[in-house]
Amino acid sequence: MEEIFTLLIDCSDEKGLIYKVTSVLYQSGCNIIRNDEYVSQEDVHFFMRSEFSGQSAMVHTVIAELKKVLPPDAHIRLSRKEKRNIVILVTKEHHCLSELLTRAHFNELNANILAVISNYDTLQNFTEKFNIPYQYVSHQDLSREAHEEKIVAAIKQYAPDYVVLAKYMRILTPAFVQEFENKIINIHHSFLPAFIGANPYRQAFERGVKIVGATAHFVNNQLDEGPIIAQSVIPVDHRQDAAEMALAGKDIEKYVLSNALRIVFDDKVFVNGNKTIVFD
Amino acid sequence: MEEIFTLLIDCSDEKGLIYKVTSVLYQSGCNIIRNDEYVSQEDVHFFMRSEFSGQSAMVHTVIAELKKVLPPDAHIRLSRKEKRNIVILVTKEHHCLSELLTRAHFNELNANILAVISNYDTLQNFTEKFNIPYQYVSHQDLSREAHEEKIVAAIKQYAPDYVVLAKYMRILTPAFVQEFENKIINIHHSFLPAFIGANPYRQAFERGVKIVGATAHFVNNQLDEGPIIAQSVIPVDHRQDAAEMALAGKDIEKYVLSNALRIVFDDKVFVNGNKTIVFD
Amino acid sequence: MEEIFTLLIDCSDEKGLIYKVTSVLYQSGCNIIRNDEYVSQEDVHFFMRSEFSGQSAMVHTVIAELKKVLPPDAHIRLSRKEKRNIVILVTKEHHCLSELLTRAHFNELNANILAVISNYDTLQNFTEKFNIPYQYVSHQDLSREAHEEKIVAAIKQYAPDYVVLAKYMRILTPAFVQEFENKIINIHHSFLPAFIGANPYRQAFERGVKIVGATAHFVNNQLDEGPIIAQSVIPVDHRQDAAEMALAGKDIEKYVLSNALRIVFDDKVFVNGNKTIVFD
Amino acid sequence: MEEIFTLLIDCSDEKGLIYKVTSVLYQSGCNIIRNDEYVSQEDVHFFMRSEFSGQSAMVHTVIAELKKVLPPDAHIRLSRKEKRNIVILVTKEHHCLSELLTRAHFNELNANILAVISNYDTLQNFTEKFNIPYQYVSHQDLSREAHEEKIVAAIKQYAPDYVVLAKYMRILTPAFVQEFENKIINIHHSFLPAFIGANPYRQAFERGVKIVGATAHFVNNQLDEGPIIAQSVIPVDHRQDAAEMALAGKDIEKYVLSNALRIVFDDKVFVNGNKTIVFD
C-alpha cells in the first residue's frame, strides 16, 4: 500500500548529499513528489525535505540506508502525513483562538485541538461551542512558578505535539520553555524585533510608525527572541490611535499565526539556531 | 489672475475651526480644491491643509483675516505650488541618488537639485552627467566637527529648502541638525525602530526576519529617532544572506525616499513632536 | 445630551460648500470630530462626511438649515452611531460566514446578524452555535425566479439595512438587485475585473498569474460589475494548483469582506455611479 | 579550474530523475550549490535547475551522461554565470529605460545593454549619457510591416540574447514575435489579465479599482497574453485620477520589469506553455 511520507534531514554539508538521499529513495521504489534543499553557509549545514510516496513497509529500510550514507551528525525524521495534536493557551482575547477553533472545526488546520487552557474563564463558553475541553487555571493567589506548574501539568495530560500561545499574556519561565523545547509557538503582536515586550501597539503609536505587524515564532528562553516562522504587516496612519492599531493588528495576528501553524504542521520548517528555514 | 495655493494651519483645537478657516477663504473668493483636517487627541491640537485657487492679490488679506479668527498659537503657512530647492548628501551608494537625479531630470521630483555633496568622489562622474554640481568634501584627516563645518558651509552656499540624506553614512552632530531643523530628510535602511544603527541588513539576517524594510524620516538629535514620514517592506527568506537582503532593500529604499520627498514637497506632511501627520 | 452623529452630503459642486456646512454645524453648537470631503472632477459632484458631537435635539434644525444653504440636488443623511441590521446569504463555504459570526459574537462587526439564509443546510449547525436563525431555502425543483422569490420573502421578513452575500453562489436576477438597491454587498473571489464569472481560481491558475485577490463590491445588474468597496491580494506561484490558490484566497476573501463591511457600516462609503468614494 | 554553472533540465516526469541528475553531477565531481525541482501535474512534466561548481573540462561529459539517463524528450541547457546581451525597445516614456540604464551602469543588471532602439528620438540624449548606442527608427510614413522590418534589422545587428520592451508602445506582428521566440520580455502597465489593451490606467480609473499593478511577461502572438514572469501591485483610491494612477504605476512597472529581468537573466525561469515556473 502506497502512502505519502515526509522526510526531513539535516547534517553537516558535504558533496553528494542530494544524490545519496535520492539514491536511497530511488532504490527503495519511492517516488519523490517534492524536494527542497538548502545549505546554510554560516555553519555549513545541509537541510533537505522530501515528500514522497512509497510502500509503508519500506520505511525502516529507508531510514537504515540513510544512516549508512549520511554524516554521523545527521538528524533523520520520517513522518506520515497526519494531523498534529495541539494544546492552545489563551488569556482573554479571542481572535487567534476563534480562528484556530473555526479552522479545526472545518478540517482546515491539520491539527487536533486537544484542549484550550487559560488563566481566565473569559473564552470558556465560546470554546465549548466547538466541543473542545477548556481548562481554567487561575493565577490568582499563586506565585508565577506555582501557577506555571499547574499549567504544565494541565498541558502534559494531553501530551501534545505542539503548544500554541494564541495571545497568552503571561511571561514564561525558562523551566516551562525547556519542558517543551521547539514545541511552543507564540504570536507576538508586533513586527519583531521592533517593539519587544509589553504594549507593542502603544509603542508603535508613540513612535509614529506607518506600518505595524505581527510575528509568529518558536519560544526560547529570551522573551520575544525565538526563531521567527512568519511575519506580516499592514499600513497604519496618524488617524489611528493605539487601540485602533491594535484592532487592525488582530487581523494580521490571526493570519500570521494560522499561516505559521500550517507550515509547521506540514513539516516545512527547520529550526537552525535562532533562525528558521522554511520550505513553503 | 487665479493661482493654486496651499494653506497649512496648526493650532490648539477648539470648536468651529474648520468653519472659521473656510469662512475666510469663502469671503476672499477662494475655491477649495482639497481640504484635510486632523485633531491630535493626545495634545488636543488641530491640523488643517487646504488646497485652493484664488487671486494672488488676496493672499495678504487671507492671512490677516486668519490671524484674527484663529487661536494665538496658530502657525499659518501659505505657499504657491512651486518646486523646492534641495541639496543631496551621499556617500558611495548610488541607488537613491540616481533615482532622484533621474526624477528631477524628467521633471518628476517637484524639486530643483542645487547640488550633490559627498565625503567621497565615487558618484561625481555620474552626477555630472545630469549637469548637477558635485562637491567632494573628504573627511580624511579631519575631526568629525571640522568635516561637518565644511559640509555645513557647502550646504549653506545653496540656501536649500531641504537637505536630503540619500545614503549619507556619517553620523550628524546635534549642531548640524539644529542648523537645519525639520529640513533634513534621511532614508534609513530598515523598518524602524527595528535595527537602529549600523548594518541593519546584517542585523536582520542574524535575527532571521522574514520581512525587511526602509524608513524615510526627518532627522532630529537622536540617531534614527526623528519623525517617520514613510515606510515600506519586502519579504525575504532564509536563502538570502545579508548582502542579498541589502540588494533587495535598495529597491525599497529608493521607493520610500522618493515617495516621502513627494509628499513633503507637496506640503502634505506636518511634524507634530516626534510624529508626522500625512495628508496624502 | 451629547451624542455622536455622522452627516453624509453629496450634491453638485459649487464654491463655499464646506464653509456652508460647517457654518450650520457651528451655529448649532456641534463639534466636528472628523471631516472628509471630495469633489469628483468627472461629474463635478461634491461629497462630504462629517462626524460630530451635538445635542440630539439639534438634529432637525441642522437638517432644515442644510436644506436652505445646499444646492437643490443635495442628498443629506444624518445618522446616529449604531449597529446596522444585516442578513447574510451563503451557499456551502464557511470562511466568510464564520468570520462574520465570530466578529458579531464578540461585538466587533458593528452589525446585528438577523439571520443567515442559504440554498443548502450545510452551515446550519455551525450558525446555530451562535444563536443566529438559519433559513434553509433549497433551490431544488424550483426555477431561478421561484427560488429567488422565496429568498426575497425570507430576507424581507427581517427588513435588514444590508444583505451580505458571503459566498452565495447563485446568480441574482435584476429584480432581486432592484429590490435591495445599493444594499447588497458581495465578496468576489478574484481581483476584479480580472477573472469575472465562475471559477476564478481555476482561471487564475490557467493564466499562470503570480498574484490572486479578492474584491468586495456593491451588486448591481451586471454580474461582478458593481462599485468596488475594497480589494486585496496575495502572491501565489507555480507550485500552487487551483485548489491551493482557492485555499490561500479564502484568507483574503474574509479579510476583504469584513474590512468592506466595517467601512460601509461606519458610513464611510459613498456610491457614485459605478465607483465608490471611501473616507477611511 | 572551478567555475559556477547553471543546469536547466525539463522532460517528461518519471521516477528517479533527481537521483539520476545528481548522480551524474556527483560522479563528475561537481558540487551542487542550489537545486530546485518541480513537476507540473497538468502535463506530467519535470523541471529542474541546479547551480553547481565544477571543472570546466567536465561540461561535455556531464551533458553526454545526462543524455544517456534522461528521457528522450529532455531539454538540457548548461550555462556559465555570465551577463546576457540585450537590446531595449522604447517609445517616449523614460522610467523603465532609465532604471535599466542606471542598473547596467552600476553593474546591477546582469546584462550588457547593446543598444536602445525607438520609434521616437525623445530618449536619445538621455541614453547617450550612458554611452549606449541609440537607434531612432521612425514609423512615420511607413506601414506597420515596413517599420517592423527595419526594427528587426536593427535588433539583429546586435544578435541579443533578449529583447526588452521597456514601454514600447507599438503592437508587434506575429512575424516579429516568431523571430525572437521566448526572447522578448514586455512590461505591461496593468495587473494582467485585468485591463488588457490600451490605456489600462484609464480603464482602471473608470472601473474604480482600489489596486493597480504591473505585469512582466514573455511576448507571444496574442497581445498581452504571454507567460507571466512577475507581477506587483499598489493601492490607489478615489482621489487619484487616471494620470495620477499612471504616475503611481510607474514605480511598480520599473520594479516589476527589473525584477523579472533579474530572474530571467539568472536562468531562474522556465517557460511551460503559457505559464512560467520561477525558482527564485
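The letters A, B, C and D name the chains in turn, as written, and every chain counts its residues from 1.
Everything below uses one rule, namely that contacts are C-beta pairs under 8 Å (C-beta built on N, C-alpha and C of every residue); 3 or more make two chains touch, one makes a residue touch a chain.
Quick caveat, the model's predicted, so the values are computed rather than measured.
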Chain separated most widely from subunit C, comparing mean CA positions: D
Centroid spacing, where centroids are CA-atom means, of subunit B and subunit D in whole angstrom: 36
Whole-Å gap separating subunit A and subunit B, where each centre is the average of the chain's CA atoms: 41
Per-residue multi-chain contacts in subunit B, two or more chains: 34, 38, 239
Touch-based graph of the chains, sorted into line, ring, star, complete or other: complete
Residues of subunit C defined as touching subunit D within the complex: 38, 40-41, 191-195, 206-211, 213, 227-233, 237-239, 241, 274-278
Touching residues (chain side subunit C, partner subunit A) in the complex: 34, 94-95, 98, 102, 105-106, 108, 126, 129-130, 239, 247, 251, 255, 258-259
Subunit B residues within the subunit C interface of the complex: 15-16, 18-19, 22-23, 25-26, 31-35, 37-39
